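Presented below are the structures under discussion, each in the form of structure tokens.
Two complexes follow with chain A in common, the first pairing it with chain B and the second with chain C.
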Partner chain A sequence: MEVDSNGHGHTGGDWPNRWSHLSQVLTRKGPFSHPNFQAGPETLSLVRDMVRLCIIGAGGLGCELLKNLAYMGFRNMHVIDMDTIDVSNLNRQFLFRPNDVGKFKAEVAADFINRRIPGANVKAHNGMIQDFDEDFYRQFHVIICGLDSIVARRWINGMVLSLVTPGEDGQPPTGVIPIIDGGTEGFKGHARVILPGMTACIECTLDLYPPQVNFPLCTIAHTPRLPEHCIEYARILLWPKENPFGGEETSIDGDDPNHISWIYEKALERANHYHITGVTHRLTQGVVKRIIPAVASTNAVIAAVCAMETFKLTTSCADPLNNYMMFNDSEGIYSYAYEAEKNEKCLACSRRTQTLNFGKTKKLQDLIEYLVNQASFQMKNPGLTTNIEGKNKTLYMPNVASIEAATRHNLKKTLDELGLTSGSELVVADSTSPRPLIVKLNLED
Partner chain B sequence: MTSTPSPLGRPLTASGSLPGSPLGAEKTRRYDRQLRLWGDHGQTALEAAKLCLIHAGATGKSLGQPRGAAVAQYLLELNNEVRGDSVDETPEHILAHRPDFFKSFTLVVATDMSEKSLKQLSSLLWQANIPLMVVRAYGFISYIRLQVKEHTIVESHPDNEFPDLRLDQPFPALIQFMESQDMKAMDKHEHMHTPYVVILYKYLQKWKAEHGNQMPINYKEKKQFKETILEGVLKSPDGLPEDEENFTEAVNAVNTTLIPSKVPDEVQAILDDDQCMNLNLKSSDFWFIVRGIRDFLESTGHLPLKGTIPDMFSDSQRYIQLQLVYRKKADEDAEEVLKYVQIHLETAGRPAESISEAKVKSFCRNAFNLRLIRCGASIAEEFDGHSPNNQELGQILEQDPDSPAIYYVIFRGVDRFYSEHNVLPGVLDDQVEPDIGKLKNCVAKVLADCHLASVNISDDNIHEVCRYGGSELHAMASIIGGCAAQEVIKLITRQYVPISNLFLYNCMTSQTITLKV
Partner chain C sequence: MLNLFSLKNEQKEQGGDGSGSGGATKGKKNSAAQLRITKDINELELPKTCRTEFPDPDDLLNFKLLISPDEGFYRGGRFTFSFKIGPNYPHEPPKTKCLTKVYHPNIDLDGNVCLNILREDWKPVLTINSIVYGLQYLFLEPNPEDPLNKEAANELQANRRLFEQNVHRTMRGGSINGVYFERCLK
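Right, the complex of A and B next:
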């Protein structure tokens, strides 16, 4: 169904006064406008014809972002998302309809915007951000993230940082592509503006995204107290043991009602045994799928704040956010904007080699666990190589099965036994960054 | 990974479908992510609500099709459960000829109304006790003004809730349970798995015995108390303290649990409210139950027990026992409250069973979180200078000349400007400069009406608003529209706490402000 709100059926052109509201703020200087602001019709055509935007994520925030940016006059946009549409998206991802379930989010969202908003030119990429290289990302003026994954944020942050060339002799850096990052969880949200290499980046403030806390296994196995403990018992311990759906170790599919029902019933059984109340079907699904509650309104607010920041940043018509804003509307409406500070030791943007102090009798396994658990690293599945006496040596490589098998025995060896010494450089590859991280070892007795 | 396709709407399995969910399988899936926040009962309230959205801008009919009809059609496309009608009539016309039209709604949202009709609508809805929300996006500024005579909240879902453990004034069943725990006689495993509430209780008794029956109150005493607790950690054969997680939890819980049980000020104000003291047939269930709680408080010295305890390191058996001790006491308290409620219902001429036990129980669980929102005056009264909050607004404006609040006053001036000139300031390019002076005049009149003639608003802020020339930016409308939508949800579900009563966002400084006008 098409309801063309202009009533004239334009397909790509403009109609009188289409941009009059934008023009008011773009063609007039105000007492508070940014010093770089050039008031005039050319700024409007900059928005419409010159600026290219990359929107990462076509979910709760992504749908809102595309719509907002298109109505703010931006036409040239790319959207990247690897996911397909699920029924539970429909309460807020408003570019999708029940008959889109199962289709790619990026494609459906782009088509919708291109059909509904004359002149919009959104290109969809049904894939991962990691599928694209520097040349792809270099074409954009701003990258706007509507992601629910910290790993993906860190990766794109690393990618954009790699495009920056530091300025010499106090000159500003070149190749800076701002990231505008939005995030929501229930009634809470944040929006932030990152000028890579100049202001705090995602890695600088990694402590804002605390790692997920899991229930201790001994509690789940021996001393359950909460309904969640019973659900985790069925999920982690019973499922692999009983393999209820036969075949070769069927893994749990949180969207398969039969799987959820099985876990629910087993959890309920255990809960009844311990007189624990509160195991419900909804809770079971929430725990198994690690569901984070989401409402349309928070997404609408955060995405629109990000769209305004994109508008201000590209036109200079007003000062951009400097540089972090948090939002919470569970009690009244509260927001707070502040300047997140650059971390001088940041892994990603400080351009410093990291030195790692570690006992030489510690095992490679310990080192890997450290890289995963330490707040400043929070890696997912790091692979390590080094150079010993001029020869490259793979210490451990988890992602390629054959190399993993060939290097697994190294995990039990001490750093000393592996031939590492103080000053050895480790090259650490991980999904949290597009580029490997160089770490210099300082071995202690 | 294999997956069995699950057709929409098919009940999962006999035991797998959500027991007792009134919504059915498809809606349960569609709304899953929000049901986790406001529950099935919240969603049911939303679905039963009837909203009225008024857009009365000068552009309202400039398009090929009346805007209302187009919006209604879009909404239906977005969610086919929506039942929408559009009325192609000006609000002025409806107000003049059939004002009762507005009284059929749960809530009314108004945008772009003139000063005069907004005042009329405001008075009408104030009388009818129907919430009215005014929403506006204008240049880089946007705001929501809520008018609600009285809004009561039971499920306010505070972000940080202190546990109600009653350690300072334990009830008999709790004392009995605590006395059954002899930590000195426990083996290592049992000792390490003793819930921290027990540890706190034991050491508190000891402390009180040594300190004239007083709890540790100030920082120094609490620090000392924590040290005493840590002395109780078991020692290994070589004299080093064992790793006892429950003791660490006990120390960490001192600051949040060893607080004298006290009625929060906001709740006390509700208990002392006239509505609570003067119950009659028109009083809502809220006030009857509040009165029951007040009576309960008077007779026992406590609010009804919450009945829930936080998670803590423990063996299963004792945690569950402890949970039951608290839950049982909470149930007993709720029954007492129910008795008082029933007496008051009968006295007022309502059947005793007209408020269910389940409702009273849920109410008692939230007794510490009760909230009441009242606007002291309607928007019409505020416009006429009769708001009780004028002085407060004046203080903010005088103390902080850069407060975002100045824009609210300027927009009141913009409305006055429109009433006088029938055009918004700065609409035409060559009128931006001349309109600054005219708008300044209008702002001065508004301030004088509010008895705030001494407040000075800077020319720069007025100039900035003239620069906008009535510009409505889509993303600005989205920001404030998103906020307004959530406020509507709060008002209808009666969960979470709405603003009281003005919220304003300044996109130039990324600042927001909430104030009472």
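Right, the complex of A and C next:
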């Protein structure tokens, strides 16, 4: 097949037939094509030149993702990671070499891909996802997550949800940026596709994430049976009591060898006392840092699925995963896909926002009376909070005596005096609804 | 299914005003964790033996709970607990400590509390209210089977009367086995 006859203007350095495989998929319709799919060279140029991807995390999954997506033909990618490279990463995070230890993961990964794959244009951000605002994330077509943290997942989930504008009169919503979320834990993994506001989001399925392993405190304190119990004893009970490194309650740093050694020695002492074997320096660090051994092959499988979903979403060449795939190869191989359902009570994606026009010289008391008396609200005893310049502010909460007393004076203040402006969002919690209502103020003179 | 790129184009057509309204709310979004805690706090239904104290009413993530049991061994005492709610609530439970030194089988002398829903049995469906009731229950029914203060637990199992006397002595401000307990009677 003549591949480059339909290619145009791509940068030099392509190897022969680089695009032949993609062309076979993208330049003709197949039985599994999505109805929106337009076969032709434009779709290929979409992948190569137009699509902008954001990859969050440049660790085990991130290295795989960057490599897969770049070889697939995606060129414009940003990668965000706040971490630096540790020696223990090198066995599976194959974009890093021994002399990269200590450098930023995002930077080293981006450099490697840009050097290795002709045309790749990966931009690194050594920092936290929280460092970037709406305008930054709005530039991407798909966000792909290779994260090990639930807090970070919840944050990016909240971010993409805030970019969605609901469609009016039955029109589809705008500003939808899909998240493709991959995750692994040892031999287990998942990949999922989230169309924010349309399909189940991270918060909808929060109880799917395995809880942290916590041992009962009384077992740790008095009836230890496992080496982990001894380590937790040193970490939870001894550390705060003895505060071995002085200062104002130094918190434990799992990367500080002195901290780990102290916990290890105390744990070993306790283990000997109870005739428990198995407390090692390595296990101590594992328990303190809650390390779950990462398996390179699981990362490879999950990253491959995520890359494939990115390709399907951006080109429409096939239906995307709907919407959750789990994978387990601890004994044989098991994989299953199902549709995670949207939670109608979800605090993130089913949030109800209502715009309210109100005079800015009206008092908070008037607003509360309006929420109680107005037929469309009919609230009983609403509590109101807001966020002013990034800081939470409790406006009034009638049900909690101490907060009520401390916020009562706000009732007599005007909305203007309280620092509220047009666009301010009030969180209104009331017993009449299972989830808070977001009231967006539009203040009139 | 949505067509990503037709959506993208619409967004561009909307141009300035679309991003303008986005800019107005920049940094003012309430996280799901914040919404959840607002709801939890607003819907607290405290038993009459409990009250909360919020040192900073704008900060719903750090507060104190005061329990004054009106029956059981600990009747007449007042016990203060600190609550710290992290950014991963409700995936992770709040951190709770007893600030009042208490002679209790399930609370150690450093204020650590052994209550299953605070650790191994926490679930996101539970609320602050569940913990309040759990803590109140600890004072009504101290559980010597899962001790954190072993001496107190042994005493409760061996001699209920003596345990009760010890509780009263410590609540009035007194020593047991060389440990001094500050007075916490109301």
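The criterion applied here is as follows: the second predicted complex is superposed on the first by the 315 of 445 C-alpha atoms of A that agree within 3 Å, B and C clash if a C-alpha of one lies under 4 Å from a C-alpha of the other, contacts with A are read in each partner's own complex, and residues count from 1 in each chain.
Throughout what follows, contacts are C-beta pairs under 8 Å (C-beta built on N, C-alpha and C of every residue); 3 or more make two chains touch, one makes a residue touch a chain.
Remember, it's a predicted structure, so these values are computed and weren't measured experimentally.
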| request: Please indicate which partner A:V400 is in contact with in the superposed arrangement: first for chain B, second for chain C, both, or neither. | output: second
| First (chain B), second (chain C), both or neither touched by A:H281 | first
| message | By the touch definition at the top of the document, which applies to A:G423: first (chain B), second (chain C), both, or neither? | response | second
| Can A:P31 be said to touch chain B (first), chain C (second), both, or neither? | first
| query | Does the superposition put A:D319 against chain B (first), chain C (second), both, or neither? | reply | both
| request: Applying the touch criterion given at the start, work out whether A:S350 contacts chain B, chain C, both or neither, answering first, second, both or neither. | output: neither
| said: For A:Q212 in the superposed arrangement: first (chain B), second (chain C), both or neither? | reply: second
| request: Have a look at where A:N121 lands relative to chain B and chain C in the superposition and call it first, second, both or neither. | output: neither
| For chain A, which residues belong to both interfaces, chain B and chain C? | 219, 319
| Which of the residues in chain A come into contact with chain B in the complex? | 1, 3-8, 20-22, 24-25, 27-32, 64, 68, 71-72, 87-88, 90-92, 94, 97-98, 101, 186-187, 219, 223-226, 245, 247, 250-251, 253, 255-258, 260-261, 264-265, 274-276, 280-282, 285-286, 291-301, 303-305, 307-308, 311-312, 318-319, 321-322, 325, 328-335, 337
| query | chain C touches which residues of chain A in the complex? | reply | 34-36, 46, 133-135, 138, 141-142, 150-151, 154-155, 157-158, 162-163, 165, 172, 174-176, 178, 195, 198, 203, 206-207, 209, 211-212, 214-219, 221-222, 236-237, 240-241, 313-314, 316, 319-320, 347-348, 351, 383, 385, 387-394, 397, 399-403, 406-407, 422-425, 427, 429-431, 435-436, 438, 440
| remark: Given the complex, residues on chain C that touch chain A span 1-5, 7-8, 10-11, 14, 18-19, 21-36, 38-39, 41-44, 51-54, 57-60, 87-88, 90-92, 106, 108, 110, 112-114, 116, 118-120, 122-125, 146-148, 150
| Which residues, counting only chain B, touch chain A once they are in their complex? | 1-4, 6, 8, 12-13, 15-19, 26, 28-37, 63-65, 70, 73-74, 77-78, 139-140, 156-159, 193, 311-316, 319-320, 324, 426, 429, 432, 460-461, 463-464, 467-476, 478-479, 481-483, 485-487, 489, 496-500, 503, 505, 507-512, 514
